[in-house]
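Quick heads-up: structures coming right below.
Look for subunit A in each of the two complexes below; its partner is subunit B in the first and subunit C in the second.
Right, the complex of A and B next:
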């Protein structure tokens, strides 16, 4: 009796899984809120329904059936938008798991960034930024959203300050007592050594 | 199932991701060359107003504008 019950459950879940598409294949997002407009016209047929936030947003493009030739990148910071829907060939992001190259048609991924160099490759030109930390969301429709707190082009960094900071935090680590101080010193070392290798490498 | 993977060292030390991310950003800002550095320092500022409450009524709020580096939030909240 228990075996039959588990078989029934398995059959039902398999059927449901086959019917449901992959959650990473995105259909085009709706640009107007259909349920809201229907409900409005039912109650107040004389007035036009007000616009909802959804209608002000640009609809999400659908996942194309063949791999697109360019990757669309949105690179944003809290105070500015560095790249807004820019079509590029490839970006290399400094994920915590290592440097990750993102090409068009990349599998949908969410990656946390560590302090490191982000490079945007467009044709024969390459722009490098040093990113302090952040996230990259790669969608199935070859859109990549890179968000960072602080991102600077490499020529704005001062080598002497970097090396001074590295020495300072190395000494702080050896003199740290509490866990929190040790963690802060370790963060300082990580960031400054990443800055150092970005400037020298 | 398996427990969570090894937590990052900063979370093991009791720091949240936002604190970690802000510390990283501050360190990067401090390594900038001159004209960019002064622009960036204005971004570090945190503006807030604190008001203490006594007997269910708020007292006069105090407005502060502090560099986030010098802010040790747990200590500040404890001292309120």
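Right, the complex of A and C next:
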């Protein structure tokens, strides 16, 4: 019983710490909430205003004056967080304009991803994932957020299935009639040929 | 004898609401009286325990049912909680990049209310609807309009009553198949196609713990409004410092970004709301079983009192009859 009580206390203190916005960080953050809270209390005085996502987030560090040595990467998928604030040397992302290497101190960028290989370089080890699509945000403080819809490590891909899929979608494209079918078949071909080059290249 | 009769009369008054209120005058009760009094047939003076016993049986059944519902809700919660926690990282990059502007002044607001399909889950759906109506009121003005998109039967029932003309889209039976990102992104696509918006405000209950659900509103702004806010400085002022790679124009990428943000935030919101629903159902069913238990205790006491009173009555009659014979 004592253990559970202490756990409860710990949970509650963590919750309290997380739920309240810190006063020491980004001065802009609380003000947006403050205008909303004020407007709310004026119109609906009886209810507490709803919380907003800002109150649930850890604040990000500001842009440092010198280029940091490591890049902090958050790689998230809808059903898992692959990498969460991991410090790495470099990541190579498959942006729509081609493979883009991201090093610490990279200029702030928003880029859309196309199906391709994402590689994370940490020291001497390199992890490769095949990414279906998504976005990457590179912030000025050497934080990189990669949000992908689907990502698998390369060793989970089956070459035969890839070849079959490619053939199937090529035939679908040739037999497609409407624009929608053509677009779907084209997307299928893009993904499968990217898969193919990922596995062979 | 007089004392016994007085005691009986007192007893009779105490369980007046339960049983026939006139046990002493059962002689007068007609056979056509309603069912509550036909446990006192003419000529017999006793108080029946049948009604109390029936009540006890039904309360016990209800207690069993609510306990079972609580167990079911607990197991469903366990299944969906891991999914919700894993999806929490999904909206954080968007908020880190674009910030969160719930007070943005826009012309076309769309409030997306997420609620459950099934009931018996405490007050979470009412809270969501109250917050949605609050947002509607907050964003009403000369040129502004607010529309609703409703997910779930419970919010539909409440909002259809007074805001029928403001409802754009109603989506129900969300949880027929286990929630996954594909389903939610199709849903988000439908909403974005059919509804014109400047700002989307998603109202849901964020799951903190089994007993705590916080109503939350997430704001997703359309690309035009994002541009406007970025130009006017303030929160999004440094958005311009971000280079936009690829695509024909910056606008195209921002459009894709807004749509992607909406589907990610929706996915997280739907999962969190489902967790909150199961948690609320657990606590509602738990308090319900406890209430049923209390009720059962009280009924048992009443039952025992009634039983003892009828035994006393019988004894009194026998003894007085015997003493009448002797004396």
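Methods note: the second predicted complex is superposed on the first by the 145 of 201 C-alpha atoms of A that agree within 3 Å, B and C clash if a C-alpha of one lies under 4 Å from a C-alpha of the other, contacts with A are read in each partner's own complex, and residues count from 1 in each chain.
Following the convention adopted for this analysis, a residue touches a chain if its C-beta (ideal position, glycine included) is under 8 Å from a C-beta of that chain, and two chains touch if they have at least 3 such contacts.
A quick note: this is a predicted structure, and the numbers were derived from the prediction, not measured.
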{"item": "Partner touching more residues of subunit A, whether subunit B or subunit C", "value": "C"}
{"item": "Contacts of A:56 with subunit B and subunit C, given as first, second, both or neither", "value": "second"}
{"item": "Subunit B versus subunit C as contact partner of A:171, first or second or both or neither", "value": "neither"}
{"item": "Partner chain in contact with A:191 - subunit B first, subunit C second, else both or neither", "value": "first"}
{"item": "First (subunit B), second (subunit C), both or neither touched by A:115", "value": "first"}
{"item": "Touching partner for A:43 - first (subunit B), second (subunit C), both, neither", "value": "second"}
{"item": "Partner chain in contact with A:149 - subunit B first, subunit C second, else both or neither", "value": "both"}
{"item": "Which of subunit B and subunit C A:69 touches, first, second, both or neither", "value": "neither"}
{"item": "Touching partner for A:79 - first (subunit B), second (subunit C), both, neither", "value": "both"}
{"item": "Those residues of subunit A which subunit B touches in one complex and subunit C touches in the other", "value": "79, 134, 149"}
{"item": "Parts of subunit A lying in touch with subunit C, wherever the complex brings them together", "value": "11, 15, 19, 28-29, 32-33, 35-36, 39-40, 43-44, 47, 50-54, 56-57, 60, 74, 76-81, 84, 95-97, 100, 107-112, 134-135, 137, 139-140, 143, 145, 147, 149"}
{"item": "For the subunit B and subunit A complex, residues of the former touching the latter", "value": "9-10, 12-15, 20-25, 27-33, 36, 40, 43"}
{"item": "For the subunit A and subunit B complex, residues of the former touching the latter", "value": "79, 115, 130, 132-134, 149-150, 152, 156-158, 161-162, 165, 179-180, 182-184, 186-188, 191-192, 195"}
{"item": "Residues on subunit C engaged by subunit A in the complex (per definition of touch)", "value": "83, 86-97, 99-103, 130-131, 134, 137-138, 180-181, 185, 203, 206, 208-209, 212, 214-219, 234-235, 238, 241-247, 253, 256-257, 260, 264, 267"}
